[in-house]
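The structures come next, written out as structure tokens.
Look at the two complexes coming up: subunit A is in both, with subunit B in one and subunit C in the other.
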Partner chain A sequence: MSDWLENHLPKAVLAPSFIAVLIFVYGFIAWTGWVSFTRSRLLPKYEIEGIIQYERLFASPRWDTAMNNLLLFGALFIVISMVLGLLLAILLDQQIRTEGVIRTIYLYPMALSMIVTGTAWKWILNPGLGIEAMVRGWGFESFTFDWLVNPDYAIYTVVLAGVWQSSGFVMALFLAGLRSVDEEIIKAAQVDGIPTWRIYSAIIIPSMAPIFLSAFIVLAHLAIKSFDLVIALTGGGPGYATDLPATYMYAMAFSRGDIGQAASSAMVMMGVVFAIVVPYLYSELRPRND
Partner chain B sequence: MTDLSMTTPQNPSKTGSNLRKIALRWGLYLILGVFVLYYVMPLYVMITTSLKSLEEIRTGSLMALPRDVTFDAWATAWSGACTGIQCEGLKPYFWNSVLMAVPAVALSTFLGAMNGYVIAQWNFKGANLIFSLMLFGCFIPFQVVLLPMARMLGLMGLAGSIPGLIFVHVIYGIGFTTLFFRNYYVTIPQDLVKAAKVDGAGFIRIFWSIFLPLSLPIIVVTVIWQFTQVWNDFLFGVSFSQAGTQPVTVALNNIVNSTTGVKEYNVDMAAAIIAALPTLFVYIVAGKYFIRGLTAGSVKG
Partner chain C sequence: MAIVAKTSRFGKYGRPTLAWVVGLFFFFPIFWMVLTSFKTDADAVKPEHLIFFKPTFDNYINMTENYDYWRFAKNSVITAVMATVFTLFVGIPCAYAMAFNPSRATKDVLMWMLSTKMLPAAAVLYPMTFITKSAGLFDTHFLIILVLSLINMPIVIWMLFTYFKEIPKDIIEAGQMDGANTWGEIKEILIPLAWGGIASTALLCFIFCWNEAYWTVRLTTTDAATLSKLIEGNRAPEGLFFGRLSAVSAAAVGPIVVLGWFCQKQLVQGLTFGAVK
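What follows is the complex of A and B.
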């Protein structure tokens, strides 16, 4: 009897978490998926009605704006964070004496809540008293920097704050990568008289391909889930100018009382994440199955 | 690569290239310095703004140091600022966050340790599949579970309560905590468990006297990661709380966007710093572990 217990104890320990994940992750995804095919409005209905919610979603100009914003924000956020992160990592890898301090400063935004980041940048970027007013105070009377309240440019302020928050993290990833490159290869290349920039572009950076992939996955994931930053910085405005799928979903679920739209937009977000993460997880987990 | 280790790097030091090197060095420090300013600037502006009077904010410049340092804004942010109709400052919400974060972090770390131990050391059929399924749960956009979770919390009688928020954070935290412990425990040789079993030690005994004593570093990493996640969360907080149970991030957002009365930027900034202090403190005290947690999920091995 105690042997039987002992043999099954590991499974019994894992079971509650596993069951919780099955219900609260997979069961809930199934629920949301189901409801996205119904006519649910204020309350969920369970009769399948086909793809009506998705038709409404893709016909909605607000959703169109949200998806375009995600594409623009996501692309800029990922590319700028990666370029900046790599640049800073390479610069910091040159035996800088104060490296520890500088690294700490570059990375601290990652410890902050996006709400804090958004609040800070909202104040800095506000045209009335922020950077615009400051530069005008210096004597440049016609200086304008009103991106925060300009519907055409507001999304770039989200990029600015997002990059500020996350680029230090990418730097830390790349710095760890640079430190793990085989030094012997670099030494050999130096002996051969290969210029430093060639050593970086032809040897070091290509050898960090897995880190580029990791950074991309993490940043893409952050971009798709971006919600709090937009809420705190622009509130999705002016108008709907900085809506993202996450803010659209939230608005439908909790202020518009349109559960069908909320569910279908959440499923589309899920699909985008799925398309990016699943191939990555698959390749990460496979070699470990030894 | 070992065959190359015999060669030593040459060191061409001529005065001409030396001068170039010094110039490069200065350029390097200059660029790094410019970025230091970029990252520090918002924090600097937050702190200086929070120490100014409203009058000085209106007449002065964004980057200027405060002429008369005043802590009035801090006092207001802590115990007088309005979040909508209530004007109690951040204080009650700060404690809400503490009451939410401490049990949520403790529970999810404990469950992660047990799960990681089982998956890494007690291989049974399907363990890897279970791990993959749990891992995938880390990556879902939480929007996809918001609606059913709101209903579920209602059914469980936890709607709008702090225990409800604890529950949500534990459920969606165990994926990561399991990942952390699993990746840590796979590096411990399985022979250790086999030997202990031969000596008659059981599942719990082996965990308690072999694995737990080895686990301090990964416990620190996990606790810091979870604390940062839970403290900084906004989506669950705003979706599953009600007036009175909101966490500090939600209250901060309400203070900043409160439309009643004059816009008090200095109070906003003080409130933002107060909301950020716990995680900033953790980062400054245990930065090494913080970074390890950040990179653990994303760098293989």
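What follows is the complex of A and C.
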């Protein structure tokens, strides 16, 4: 009995969650996929009508804005978070005595809900209240910082808050990576008189490649799923200047009563996530014959 | 190892100062929220009262009257704690089984579990609201606890697995020799040995549950509504009630800030998914 239990324990423990995932994740995705081919509006319909929803989606200027925003936001968010994270990790790696405390402070934004910290960000970025008012109060009357309400720049405030939230996390990952680089190689390079920046760019950073990849995957899927950030800061506005696919989908499903559009946009979003994540998962699975 | 540039005055004082200045930037929004929470709504929007103002506790006193804070806080505590307990209750045996009785499929299963976490929640949001409403589960603690547990399960199992894997199998096998059954092994040997890792995982799970907004906002109205819902539901028009809203926000992140401060090691370990040991 105990042998049988021992051998089948993994399966027995996994079975309930497996079934739950099958229904709640794949079942619902299948439902969404089905509905995306129908004429559903306020209520779901189930007669397949072809790719009409996708045609509407790609013809929609709002979706176009959302996808462009995703590209711009995603690229800036990922690149800035990684660069800042790496620089901060190198800075903290300089044997600073209070490292533990500083690391915790850097990580706080990640530990706190963006929905909540968004309150502070809205205040800081608000032209009439935050930084603009503060600098003007110091006597610089012509200073303007109205990104939050400027349709052309509002997306950059989302980048700003996103970087604030994630760069501490990237820093912690890179810090762990810096600590795991082989000491002997670095010592040898130092003995050879190789300048420090060359040691970083030619030895340390290349050997941290797997961490860069993990950080990229985490950041990329955060970017695609970003919802809290936009909702907390701009609510997608001004107009729909800061819409992202996730907020587009949400607006269609819950305030515009257009389930067909919501479903087709959700399917496109999922396609994008898959395109990024599947190759990664695949490469992770490959070398398992060790 | 760290490459430390030759000791100079900059190295000794400049770098720590720089690190702290950056830290101030990171902490500024949180600090600002707390500061604003002690201002009246009128003072909060006046630039001349930016730093100098008469502190007041009115916002915190009013909070319970205007926003019914305690009910939301109670829901947050109940759902986050219950979901964490339940996730660990399922996750520990699961990770135990995979770490000590691995099969060829173990890594695939782990990857598959994690892959569900990567899918955009948007794709299942509508059916979820639709079905929970017709099943009468909408806006119940049960539903929120279940959803929070399910969305955090993959990460919890993944993290526990990485911690458990580091425990020598001999120790577990020695327990088997002594006649301990599976539950005995988990309770008497595994949990005490992996206590640090379990604590980090639990803290991470609790934080994620506490912060969860996507599902809790969508799947509740009043009975099971958490602090995320309270804040999301009170996005006042520009500049209104900033003092009051800051107080509610500060009271919502306060527990995590304090908890994180006292469990720094677990916080860092947890948030980096065990990458920082």
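Following the convention adopted for this analysis, the second predicted complex is superposed on the first by the 277 of 290 C-alpha atoms of A that agree within 3 Å, B and C clash if a C-alpha of one lies under 4 Å from a C-alpha of the other, contacts with A are read in each partner's own complex, and residues count from 1 in each chain.
Convention: contacts are C-beta pairs under 8 Å (C-beta built on N, C-alpha and C of every residue); 3 or more make two chains touch, one makes a residue touch a chain.
Just so it is clear, the structure is predicted and the values come from calculations on it, not from any experiment.
Asker: Record, for the superposition on subunit A, whether partners subunit B and subunit C clash or fit.
Answerer: Superposition result for subunit B and subunit C: clash.
Asker: Output check: A:Val273 vs subunit B and subunit C. Expected answer is one of first, second, both, neither. What do you get?
Answerer: A:Val273: touches subunit B and subunit C.
Asker: Quick one: classify A:Ile131 as touching subunit B (first), subunit C (second), both or neither.
Answerer: A:Ile131 sits against subunit B, while subunit C stays out of touch.
Asker: Output check: A:Phe143 vs subunit B and subunit C. Expected answer is one of first, second, both, neither. What do you get?
Answerer: Neither partner.
Asker: So, does A:Gly168 touch the first partner subunit B, the second partner subunit C, both, or neither?
Answerer: Touch partners of A:Gly168: subunit B and subunit C.
Asker: For A:Tyr106, decide between first (touching subunit B), second (touching subunit C), both and neither.
Answerer: both
Asker: With the two complexes superposed on chain A, say which partner A:Gln94 touches: subunit B (first), subunit C (second), both, or neither.
Answerer: both
Asker: With the two complexes superposed on chain A, say which partner A:Ala188 touches: subunit B (first), subunit C (second), both, or neither.
Answerer: First partner only, subunit B.
Asker: Regarding the shared-chain residue A:Pro210, is it in contact with subunit B (first), subunit C (second), both, or neither?
Answerer: first
Asker: Could you say whether A:Tyr153 touches subunit B, subunit C, both of them, or neither, answering first, second, both or neither?
Answerer: Once the two structures are laid over each other on A, A:Tyr153 reaches no partner at all.
Asker: For subunit A, what residues appear in both contact lists, the one with subunit B and the one with subunit C?
Answerer: Touching subunit B and subunit C on subunit A: residues 6, 9-10, 13-14, 16-17, 20-21, 24-25, 27-29, 31-32, 44, 88, 91-92, 94, 96, 102, 104-117, 119-121, 123-124, 129, 133-134, 137, 164, 168-169, 172-173, 176, 187, 190, 211, 221, 224-225, 227-228, 231, 235, 245-246, 249-250, 253-254, 259, 262-263, 265-267, 269-270, 273, 277, 281, 284-285.
Asker: Taking the touch rule as given, give the residues of subunit A at its contact with subunit B in the complex, in rising order.
Answerer: By the definition above, subunit A touches subunit B via 6, 9-11, 13-14, 16-18, 20-22, 24-29, 31-32, 35, 44, 88, 91-92, 94, 96, 102, 104-117, 119-124, 129-131, 133-134, 137, 164, 168-169, 172-173, 176-177, 182, 184-185, 187-188, 190-191, 210-211, 214-215, 217-218, 221, 224-225, 227-228, 231-232, 235, 245-246, 249-250, 253-254, 259, 262-263, 265-267, 269-270, 273, 277-278, 281, 284-285, 289.
Asker: Can you name the residues of subunit B that touch subunit A in the complex?
Answerer: Residue list for subunit B touching subunit A: 1-2, 4-5, 7, 9-10, 28-29, 31-32, 35-36, 38-43, 45-46, 49, 57-58, 61-63, 111, 114-115, 117-119, 122, 124, 127-128, 130-137, 139-149, 151-152, 171-172, 174-175, 178, 202-204, 228, 231-235, 238-239, 249, 252-253, 256-257, 265, 268-269, 271-273, 275-276, 279-280, 282-284, 287, 290-291, 294-295, 297-300.
Asker: Considering the complex alone, what residue numbers of subunit C touch subunit A?
Answerer: Going through subunit C, the ones touching subunit A are 1-5, 11, 15-16, 18-20, 22-23, 26-30, 32-33, 36, 45, 47-48, 50, 90, 93-94, 97-98, 101, 103, 106-109, 111, 113-116, 118-128, 130, 150, 153, 181-182, 207, 210-214, 217-218, 227-228, 231-232, 235, 238-239, 242, 245-246, 249, 252-253, 256-257, 260-261, 264-265, 267-268, 271-272, 275-277.
Asker: Inside the complex, what are the residues of subunit A that reach subunit C?
Answerer: 2, 5-7, 9-10, 13-14, 16-17, 20-21, 24-25, 27-29, 31-32, 44, 88, 91-98, 100-117, 119-121, 123-124, 126, 128-129, 133-134, 136-137, 164, 168-169, 172-173, 175-176, 178-179, 181, 183, 186-187, 190, 196, 199-200, 204, 211, 221, 224-225, 227-228, 231, 235, 245-246, 249-250, 253-254, 259, 262-263, 265-267, 269-270, 273, 277, 281, 284-285, 288
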